[in-house]
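Scrolling down, you'll hit the structures one after another.
Look for chain A in each of the two complexes below; its partner is chain B in the first and chain C in the second.
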Partner chain A sequence: MNWEAFWLTVRLAAIVSMLLVAIGIPIAYWLTYSRWRWKFLVEAAVALPIVLPPTVLGFYLLVALGSRSPLGRWWQALTGHTLAFTFEGLVIGSLLYSLPFAVQPFAASFGAVDRKLLHASASLGQSPVQTFRRIVLPLSKAGLITGFALSFAHTLGEFGVVLMVGGNIPGVTRTLSIDIYDQVQTANYSSANQTALLMLIISFLVLSIVYGLNQRPWTVNPWQ
Partner chain B sequence: MNKLLLLFLLLTTSLATAQQITVAAAADMSAALPQVAEAYTKKTGQAVKLSFGASGNLTNQIRNGAPFDVFFSADEEYPQQLIVEGLASKDTLYRYAVGRLVLWVPNDSPLDLSKLGMNALLDPSVKKISIANPATAPYGRAAASALRHFGIYDQVSSRLVVGENISQAAQFVESGNAQAGILALSHALAPAMKNEGRCWEVPLDAYPTLNQAAVVLSKSKQQDAARKFLQFLRTPEATTLLTHYGFTPPAEKNSMGEIMK
Partner chain C sequence: MAVKTSLAPPGAPRMSSQPISSDLEVRIRKRFPNAEGSFLLNVHFRALAGFTILFGASGAGKTTLLDCIAGINDPDEGRIAVGGEVVYDAEKNVNTAAWKRNIGYVHQDLALFPHLTAEENVGYGLRKLSAAERNSRSHEMLGAFCIEHLRTRRPAQISGGERQRVALARALVTEPRVLLLDEPLAALDRPTKSALVGDLRKWNQNHRVPILFVTHNGEEVFALGDEVIALDAGKIVAQGLPHDVMRAPRLETVAHLAGFENIFDASVVALHESRGTMTCRLRSGTVELETPLVRAEVGSLLRIGIQAGDLLLATEDPHGLSARNILPGTIRRLVQRDVVISAIVACGGTDFEVHLTLAARDSLQLSAGKSVWLVVKTHSCHLMGV
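Presenting the complex of A and B:
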């Protein structure tokens, strides 16, 4: 069991999911309440990482943010290194890759808040921001936890992007999924088995929390 | 309904014919072998499908039942292991080339490789050095031995980035994400990289010789076709192509140096 890779992966997933709460709430707020007619295009863009192969994102991170592109040169001037092969690079890649897993549950739960409550709050003189903070956010708790947990789990399981831009550096970019890949490729099956089992358990636990939180048992069964 | 069924059948029927042979090859062959295969197909009509990866990864895939007919490794160890395990035919083992290692930097690099040699890697402008994964790629192992041979492994180890195979290591430095790479000469001479950078050949005594060997796999259902393709590798036509990509033909292992200028 590679504990260095384990803690690295947990650290990556925790940082990414916390940042996604901060970035995802404003995006989900806008997606929920905006009446702009082209909003669906933004929704499609946010959902892209669900269907896009990780290799596409990996390719763009390597080439578009490499030292040959203006953006990559700007980053290099700022930090002294390229984004590839660094922990920051993995954080940025994972933010993009897990964005819909945070934003979509957030937006769904904001949209599910009863409009009458919003009208009541407005008629009592609360500003939209205050209404959002005091009415919408507390009522969306389950959606916020779901988004946080799903983006955490999705980042834990990320493989393609890390394989393409990580460079497999122990303690920096060698995540658990890469470690499993290396163990399998070198026919080190017992070690791969341990790590794979751990991933399976963690992923199952996280998803159990998500579904446990969102379960809505039928109080009345309509077919009986 | 019938039309749907027909469509489903069309989609599920493999287009591959029985005549095709499938070759698993080390990633350092990714530029040279397609040319060899094309020449072979032109000559014989035999279709050859190629699949590239790190030799260790391919060996592991073969152990797990990958449907390859021939295996071109970047060393001799992996084919030997497969022979011992009964997965490859000993009588077909053929050293098709000796692979060579180079230090490669992109055109915009300020480093003078011919003057500095391997010590160019100690320059502070070199933040990342790409190599192939020593655990699965013979070229990665050769790179690590060469760094140890020059006594700079410990100084540069924190700056090494590891490609999944030698092609990815080449891509890391070719895309400018790493500033130097220890790559296969065959990649440095390939059209995609030839004019993109400069290279310095790592002396052959700095790493164990990369005796690249190929074998026909025991589970192949096309033993004859597979053997014939390996026979073709011995012809002048094939060796000329390999030489063009910087591989030293097995017979003239000890007289090299003319290809690199």
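Presenting the complex of A and C:
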């Protein structure tokens, strides 16, 4: 069992899912309330990582983060090294890769808040921002936790993007999924088995939390 | 349940210090969709402090009108001013955001915040005040609307009537310049209704703001109205005191809404100037009714509206009645609506709708097929032009 890879993976997933809450809420807010006619293009772009092969996303990221791109050069001037094949690069890649898993549940739960409540809040003198903070966010609690947990679990299990952007540097970019791949390549099945089982359990637990939360307590139980 | 005097004790610091006297002036046009395509809402009116009833069938544009005043929906053109301050003016490009208008709006669905307690709901609009001030104001309002005991409960845990009270208290506590009420009493039984109306009236004695009250219930119009505006298909078809608008309806749309379940085409067959009446024959059959005399000639066409609640049924041929019209007929069917029995009675080829109490049905042992006599007072016949 590669504990170094385990903690690296957990750290990556935790940082990414927390950042995604901060980034995803404004994006989801805009997607929910904007009346811009081309909004659907943004929606499609946000959803891209769901359908795109991770290698495609990883390839473009590698180009964008490399020393020839403006972003790469800027980062290099700032820190002295490129973003590619670093933990920071991995964070950026994972943010994009898991973005829809945060934004979509957020936007869905914001959109499910009855507009009449927003109108009522406005007629009571509350600005749109106050209304969002006092009405929409509290009523979207389940959606926020779902988005957080899904992006955590999704980052935990990513493979292709990590391999493309991060490579396989122990302690820097070697995550659990890559570790499993390595173990299998070297025919070390018992170690691969342990790691795989651990991933399975963690992922199952996270998803159980998500579905447990979204299970409505007032749903009529058909078996009772 | 009445408003406790604590709502505005003499010399109370905030609540009654400045009776705001504002009026509402609305002149707007807006095309809005409804079930039958699209309507043009085109209204111009001024509402003074006190109740103004907006009366009309569903789809007449009442809610769209309120939404425009509240700032939730934008008119296509026009001007809206509250107490002289323009909140919307299409020509001058003025459109104050809803949350800056200080117009209270209680929606038909109430829209209570489900995650907040009754007290938090009521205090919601008082965010700018200090916590202590906010608490004392919400307490005062909860007390005034007799919902103090619900303080810590969520909307899902209280009854429909209590929710209406919370919604009203929540809107009133912010001391709006105008109050818009979209059928706030629709779901209530009569005693609860009149108690709430009493509370509202008391509140407005101290605040003197225009209250636009939307309803399609004719009874509420009489109970509340200082002024009635009848709206049909986006236009104001009648305006005035409830009695003028409702009791002498010139328009069939208003008549229907005012609760004239029976509307008949008729022609004048004889004038009785000495009695102040005339005889009209209903065109749908052989029935003749004696109605109040109006300026009409023999042979002229008119329409007669009769409220179902104004008609009497007798199981024997009645004698010694002052009513001029006693028509033999047969009950076709009885339908129960809430606590009212609606009887359809066929008399000489015309069906009349009669409203009875459950007790009357039972004591007269009414059932379909039974022969009855229908009694119509002359002055229950309201005449309209065709």
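Going forward, the second predicted complex is superposed on the first by the 215 of 224 C-alpha atoms of A that agree within 3 Å, B and C clash if a C-alpha of one lies under 4 Å from a C-alpha of the other, contacts with A are read in each partner's own complex, and residues count from 1 in each chain.
FYI, a residue touches a chain if its C-beta (ideal position, glycine included) is under 8 Å from a C-beta of that chain, and two chains touch if they have at least 3 such contacts.
Everything numeric in this text was worked out from a predicted model, so none of it was measured.
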item	value
Combined model on chain A where chain B meets chain C, clash or fit	fit
C-alpha centroid angle, chain C to chain B via chain A, nearest 10°	150
Touching partner for A:Phe87 - first (chain B), second (chain C), both, neither	neither
Which of chain B and chain C A:Phe159 touches, first, second, both or neither	neither
Partner chain in contact with A:Asp182 - chain B first, chain C second, else both or neither	first
Partner chain in contact with A:Gly66 - chain B first, chain C second, else both or neither	first
First (chain B), second (chain C), both or neither touched by A:Ile169	first
Chain B and chain C, minimum CA distance [Å, superposed model]	42
Residues of chain A at both interfaces, chain B in one complex, chain C in the other	none
Contact footprint of chain A on chain B as seen in their complex	54, 56-57, 60, 63, 127-128, 130, 133, 135-136, 160-164, 171-172, 175-178
Chain A to chain C touching residues, read off their complex	114, 116-117, 119-128, 130-131, 134-135, 138-139
Interface residues, chain A side, partner chain B - complex	62-63, 66-68, 72, 80-82, 84-85, 163, 165, 167-169, 182, 184-187
Complex contacts: residues of chain C adjacent to chain A	70-72, 97-105, 107, 109, 111-115, 124-125, 127, 170-171, 174, 176
